[in-house]
Every structure is written in structure tokens, then in C-alpha cells.
Amino acid sequence: MKEIKLDPKLKYDEALEQLQEIVRLLERKEITIDELASKVKMAKLLVDFCREKLDATEEEINKIIRPESSDEAEPF
Amino acid sequence: MKEIKLDPKLKYDEALEQLQEIVRLLERKEITIDELASKVKMAKLLVDFCREKLDATEEEINKIIRPESSDEAEPF
Amino acid sequence: MKEIKLDPKLKYDEALEQLQEIVRLLERKEITIDELASKVKMAKLLVDFCREKLDATEEEINKIIRPESSDEAEPF
Amino acid sequence: MKEIKLDPKLKYDEALEQLQEIVRLLERKEITIDELASKVKMAKLLVDFCREKLDATEEEINKIIRPESSDEAEPF
Amino acid sequence: MKEIKLDPKLKYDEALEQLQEIVRLLERKEITIDELASKVKMAKLLVDFCREKLDATEEEINKIIRPESSDEAEPF
Amino acid sequence: MKEIKLDPKLKYDEALEQLQEIVRLLERKEITIDELASKVKMAKLLVDFCREKLDATEEEINKIIRPESSDEAEPF
Amino acid sequence: MKDNRKIYPLAALNRSLEGFIRDNFALKSFWVIAEITKCQEKNGHYYLDLADSKDGKRVAEMSANMWFSTFNRVNQDLNGELVTIFKAGNKVLLDVRIEFHTIYGLKLNILNVDPTITYGEIEKQKKATIERLKNEGLFVLQKQLYLPAIIKKIALIGSPNTSGYRDFLSELTSNAIYTNFKVKEFPATVQGERAINEVVKAIQNAQNYNVDVIVLVRGGGSKMDLNVFNEYAIAREIAESKIPVITGIGHETDEVVADIVAFNHQITPTAVAKFLYQRAGVFRSELQSGFDAVIKIALGMIGQFKDEFNHTSKYLVHYTQVLLKDENHQMRDILHDLRIAAHDLLDDQRFNLNLQLNQAANFALNFVNLKKSTELIAPYETIQVHAKNTIERNRIGLKNQEELLTYLNPESLLKKGYTLSTIENIDVQKYTGELLGAELKTLTDSRLIISEVKSVKEQ
């Protein structure tokens, strides 16, 4: 299986759309066994990509909420 | 995430309005994960901007300040 | 009966197609007894081929999904 | 009646064709009494030959299709 | 009258032909009293021969199609 | 007159021929006085011979037709 | 001068008048409209000069007084408004009784006051003032100003010793919501004639300071007290202020013109303070709740996306496994179908073979039976018939010969005594040769006689 790479400029929504398209194809069994592994690989990449995006965003938000110390319950 | 800067001339109620606009966008889910962190960051900046104003100690109002100048319209 | 070999480059779908063609021929009794065993042999080879493909695909997918540890309940 | 032997290389279809030819001859009574028994014998031989072919084919198919253990109800 | 013996290699059809020849001779009255008995004898022999041939053929056929046991109504 | 004996090998047809010859001679009175008695004797002998032949042939045929029992009307 | 003139001492005249007035008016009272031209209070009693004018000329004048006890009662009824109603320039509707005092002369004793005429008059003036402000384009000026979301610097105009003023300051600095204010005080009398000038001056003064808002307070008062804030001069000054003005003139019913032209007005000074700190509080809480909402929704979104994600991932795994399982099943099914089909095919062939063999056997046996029943019997029967016929025919032929033989045989004639004679084996009767000397053979029944012809005797 050739190495699949995601476009680093890919947006979360596009990635999610691609992922859901793969899931839809799988659901409708419109994927051949020959494609399956590469599609799953792609899905995995998209999942990782999206999850990283989500985690990064979450972390960023958490940093915004608690800029220095986490013991500060109330940011204001 | 690129550094967001607020217009120093921003008014506080405009800041609040912007914040509430962000809330509305989020409520209507008219925002993507890609934008989310920057929007939250923006919200934080807006809040900080307003909070600073609320908590800052004002100087005593004991002197006459240029009654003619045009910046009188904008007290801040 | 001579040893039948499948093209290693055969695709799963092609194999499946060939397989279904054999089943169709058999069901429509469009096959002679002289060919029967070799056709069945061929079918079996195709099935084995497909199964191997499936197993390989499954293994590949499992590797993709659970790259390190299998004790991780959530694969992604 | 002399012992009739079939060519071991005879194909099933050829044998069947011969059998049907005999049946046709018999049906059309295009045969002498002297030949009759030997034709029937021949028919019997052909049938036996064909049966053996069928049995052999069946056995072969059984071997091909169920090489694993049969006590395994669900092969997957 | 000397004992008449049929050639054991006589064929059914030849026998039948001879029988019919006798009939023809008799019909055409081309037979003498001296020959008559022997011809009738011959005819009888031929008839018996043919009948035996037929019986033998029948038996043979029955043996062929019901090789072992006769109590088995339907051998197939 | 010496005893006249027929050749036992005489055939029915020859006997009949001889008889008819004698009758013809008698008719044409071409028999000499000398021969007459013997010819007549001969003729009688021939008649008997022929009758015996006929009887024997008939018996023989009947035997052939109904080899054992005569009450069996139809042998077949 | 004639002495028949009746001369009365003044006292007598006055007593007579007093009596007359008392007799005729003591039990009567009159509602009278008049303008107060002068008002004096002494020991709680009120002394008014009343007048009536027509076309700018005074047409009537009269003094009136209201005794302490009556004043208190009526003032109480009017919620203390009477003090402001009894003010020079006000038109008043008074219930009066005419009294005559021998020393003080004719006076009207005020028994009751109806304030409506006075109020109406005030309203009229108010309307006129508003109309004027509108005409001069001043009326909406304040409304066009911008009031900052956070007001921290306040110019306070009012009378420092009044309770309203103190209430304002204390509410502003001791509330639990927001106290980060700076107040610049501009003391001004807010009551009486001097109030107008002082308030106007204070507003003008405040314009020179970097404040967010001017707060004008007065600690309540009667309707007539508050009437000062209906003054055009104050209203104009408020309207022209570049700084938003918030009024807190304690009143309960009608707004004064100052309220109307101001950027904002509150009922009381305390309410103004509340307005100010609550504005900050609301701002802060809106800020807080906005930010909270942002965070909550953002994290919610992330959570939701993660859930969605986990689902998608699970579905991915699930569907992949289903797909693989399906395919595996398909393989099994195909093998099954294959085996069934192959066995069907084989069974078919077996059946076919049996059929063929049966047919072959049946055809063969039928053939044999056909032969048996037709081919052999007929010729054999024909042979029998012909054989018998042949014998019969020969019998007949033989018999014919035998009969012919019997007929032709001369032996019976010989037995009867006839003889046969031949010459040279020719019947004597047919013999044509020379008879004499010929050897004649004569056959009898039992002998052959040979003789020589001796004579021939013709018969």
C-alpha cells in the first residue's frame, strides 16, 4: 500500500467530510476489498488528523481559560 | 494561530457586541473547528480588554482638560 | 488434473467475478463433468485467494486501527 | 461375448455421447440381436465408467471444498 | 436323418435369414420330401437357436442391468 | 422272380420318379412281358417306400414340432 | 355742615361692618381663583397677597391668610405640596371665607386649597418649555450622545447636604456590584430661586472635566419644589451638555423637563447610582456570560465533535468488520453454492446415466421381445403348414400313382385268365410283321409261355 499523505492545509471540516464519505461508502458497501485497506488507512489518517485538530483546539482553549496556572478555578 | 490584536480604539460595548456575536456564531454552530480556537482567543481578548477597563483605577478628576479638543467625544 | 495457478496480481473483485461466473456456470449446468473438478478446483483457489486477501486486509486494517496495543478498547 | 474395455482416457462427455448414441440406436432398432447384448454391455460399461468419473469427481470436489475439518460448523 | 448341428458361430440374423429361406423354399415348393424333415428340423433348430439367442440376450441384458441381486426391484 | 429290394438310400423323389416311370411305361405299354411282373413289383415297392417315407417324414416333423407332448397345441 | 349728620366712631363703623360681614358671610365660603403676588410665613401662619389681572392690568387685589392649623391639615392632604403651591406667581384656587377685622380690615381666610389649577398651570408652562426646546432643536441633543458601557467618572451636581445627594454617594460606593467610580462633585442649590443659576453653572462647569456622565440629583420634594427642574434655563443647559446627563430628581409621578431632555433619568438619586453600577455589573456579567458561553459552546463543540468522531471511528471499524465478514460469508456461501451446484450437477448426471441405461435396457428388452413375438413364430408356423401341405400333396400324388398303377397293372386280368402275348416285345395285336414263325411270348397268371407261330387265322 502506497504511503498516503494528507494535505497539511486540509481543513477539519473537509477531513471530516472525507471521513464520513468513507464511512458512507463502507456502510453502503461501495468499497471493494481491494480498496478497503487504503480507504481505512485514509480514514485512520483523517481520524488522527481530526483528533489532533480537536485536541489541539481543546488544549488551546484550555490554555486560554487557564493561561498560567491550572489552580486558578475562575479565570476572572 | 496567528496573533490577533484588537483595535485600540475599540469601544467596550462594541467589544461586548463582538463577544456576543461570537456567542451567536457558536450557538448557531456557524463555526468550524478550524476557526474555533481563534474565535475563543478573540473572545478572551475581548473579555480581557473589557475587564482591564472595569478593574483599572482611574485618576482623580480634578483638573480641567482641554474643553475644546475633539477627543472629548471619546472619553477613553 | 494440472496445477492451476492464479495470477498474483489478480484483484479481489476480479477473483470474485470469476468465482461468481463459475458458480453461475455450475448453477446453469453449463459445465461439463470433465471440467467440473478443475472448475471447482479453480473456484476453491479463487476462494482461498479471496480469503487470503480478506485476512491480509483485515490484518492490515487491524495494524492501521490498532498500531501498538490491542488492549486499547477504543481503536482510534 | 468378448470383454469390452473402455479407453481410460475417454472423456465423460464422449462416454455420455457414446451412451446416448447406443440409446438412439436401440430406440431406432438399428441394431442386430447379436450386437444387442454387447451394446447394452457397452452402455453399462459406459454408465459405470461415467459413474466412476462422477464418483471420482465428487470425491475430488469434496476434497477440494472441504479440506478442513467438518466438525467446524462455522469456518469463519 | 443325420443330426443337424448349427454352426455355433451362426448369427441371429443369418439364422433368421435361413429360416426365412426355408419358408420361401417351402412356399415355392422347392423342397423335397427327403429334405422336408431336415428342413423343418433345421427350421426348428434355427427357431430354437434364435429363441435361445433372444433368451440369452435378454438374460444377459438383465444380468447387465441387474448385476447382483434380482430381489432388488429397482437397481438404480 | 428274384426278390427285388430297393436301395435303402433311395430318395423319395427318385422313388417317385421311378414309380412314375413305371406308370408311364405301363401306360405306354412299353414294358415287356418279361419285365412286367418285376416292374409292377418294383412299382409297388416304390409306392410303399414312398408312403413310408411320407409317414416317416410326417412323424418326424410332428416329432420336431411337438418334441415331447402332443397335447401342447402351441409350442411357443 | 349740619349737625344732623350722624357721626360714628370708626370702631362703631367697623363693628357695624364686622357684624354685617359676619351676619351675611360667616356661614358662606367661596372658591376663588387668583394669582399669588406675595407670600409670607410667620409662626406657621401664611399671609398671601392675591391679585387678579386682565390684559396685563391688575383688576383686583386682596390679602388672604391661612392659619397654622388649617395649613398643616391641607398641606398634609396635598402631600406637602402646599408649600410650593403658595409661591409668588402661582395661580391658585382657594376656598375662602370673607372676614372683617376691626383693626386689620377685610381679609380672606383660606379654608382649603385645590392644587389642580396650580398644577395645570405648571403643566402648561412645562409644555411650553418642551415646545420651545423642540423648536430650538435642543430636545433630542442628549439622546444623540454616547453613553459609555462602563461609566467610571462622574460629575455629581446636587446639594451636598441633602439626603438624596448622600444616598447617591453611599449607594455608589458601598454596593456589592461595582464601586470603581471617581466622583467630581459640583455642589449646587437645587431648591428655590437660586437653584436655576447654580445648577446651570454647575452643568457648565462640569463640561470642563473628563467625566463620563453628569449626574443631577435632588432628594425629592413636592411637585412645586421640583418645578425648578421644569425651568427652561436648566433644561437648555442639560440639552446642550456634551456629556450625557442622568437625572435623579426624586419624584414619584410626573417627569420634569430636565428628566425629559436628559440622556437618561431615574426616579431617585439611589436609582441613578444603581443604574450606574448595574450598568457596569450588567456589562461585566454579560462579558462573563458571553465568555462562559463561548468556552462552554466551544468545549461542547469539541466534545460533540469528539463524540461524533468516536462514533464515526466506531462505525468505520464496524462497517469495515461487517464488510470483511460479509465477504467472508460470501466466500463461504459461494463454496456452499458451488458444492450444492456441483452435487446437483453430479446427481443430474447420475440420474441421466440411469435414465440412459434404463432406456438402453428397455429398448433392448423390448427389441428382444418384439423379435420373440413376431420374427420367429410366423415363419415357424408357416414352415409347419407348408411341411404338412407338402406331405399331404405328396400323399395325394403318390396315391394317384398308386391308383394309376393299379389301373394299368395287367396282373388282375391275368388272374382272371387273360393272357398277354407279344412278338418281339410288341403287343400281338399291334404287331405288323410276319407272324408265322415268329416267337410268341404269352404271359399267364403264373407262366410265361414261349411258342412259335404255326398258323394265323384271321378273325
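As written, the chains take the letters A, B, C, D, E, F and G, and residue 1 is the first residue of each chain.
Everything below uses one rule, namely that a residue touches a chain if its C-beta (ideal position, glycine included) is under 8 Å from a C-beta of that chain, and two chains touch if they have at least 3 such contacts.
Not measured: the values here are computed from a predicted model.
**Student:** In the touch network of chains, how many steps separate chain C from chain G on the shortest route?
**Tutor:** Tracing touching chains, the least step count from chain C to chain G comes to 1.
**Student:** Expressed in ° and rounded to a multiple of 5, what is the rotation angle of the C-alpha superposition of chain C on chain E?
**Tutor:** 40
**Student:** Relative to chain D, which chain's C-alpha centre is the most remote?
**Tutor:** The chain lying farthest from chain D is B.
**Student:** Would you say B-G or A-G is joined by more C-beta pairs in contact?
**Tutor:** Answer to which pair has more contacts is B-G.
**Student:** How big is the gap, in whole Å, between where the Cα atoms of chain E centre and where those of chain F centre?
**Tutor:** 33
**Student:** Roughly how many whole angstrom separate the Cα centroids of chain E and chain G?
**Tutor:** Averaging C-alpha atoms per chain gives centres 105 Å apart.
**Student:** Using CA atom averages as chain centres, what separation in Å is found between chain F and chain G?
**Tutor:** Measuring from centre to centre gives 136 Å for this pair.
**Student:** Tell me, which residues of chain E touch at least two other chains?
**Tutor:** Within chain E, the residues that touch at least two other chains are 33, 36-37, 40, 44, 50, 54, 57, 61, 64-65.
**Student:** Residues of chain G that touch two or more other chains: which are they?
**Tutor:** 288, 295, 298, 302, 305, 309, 313, 316, 320, 324, 327-328, 335, 338, 342, 346, 349, 354, 357, 361, 364, 368, 371, 376, 380, 384, 387, 391, 394
**Student:** What are all the touching pairs of chains?
**Tutor:** Pairs satisfying the touch definition: A-B, A-C, A-G, B-G, C-D, C-G, D-E, D-G, E-F, E-G, F-G.
**Student:** Which of the residues in chain C come into contact with chain A in the complex?
**Tutor:** Checking each residue of chain C against chain A gives 11-13, 16, 50, 53-54, 57, 60-61, 64-65, 76.
**Student:** Could you list, by residue number, the parts of chain F that touch chain G in their complex?
**Tutor:** Contacts found on chain F: 12, 16, 19-20, 22-23, 26-27, 29, 32-34, 36-37, 40, 43-44, 47, 50-51, 54, 57-58, 61, 65, 76.
**Student:** Hey, which residues of chain G end up touching chain E in the complex?
**Tutor:** My answer: residues 354, 357-358, 361, 364-365, 368-369, 371-372, 375-376, 379-380, 382-384, 386-387, 390-391, 393-394.
**Student:** Where on chain B does chain A make contact in their complex?
**Tutor:** 1, 32-34, 36-37, 40-41, 44, 47, 51
**Student:** Inside the complex, what are the residues of chain G that reach chain B?
**Tutor:** Interface residues on the chain G side: 146, 148-150, 152-153, 155, 178, 180, 182-184, 207-212, 242, 280, 283-284, 286-288, 290-291, 293-295, 297-298, 301-302, 305.
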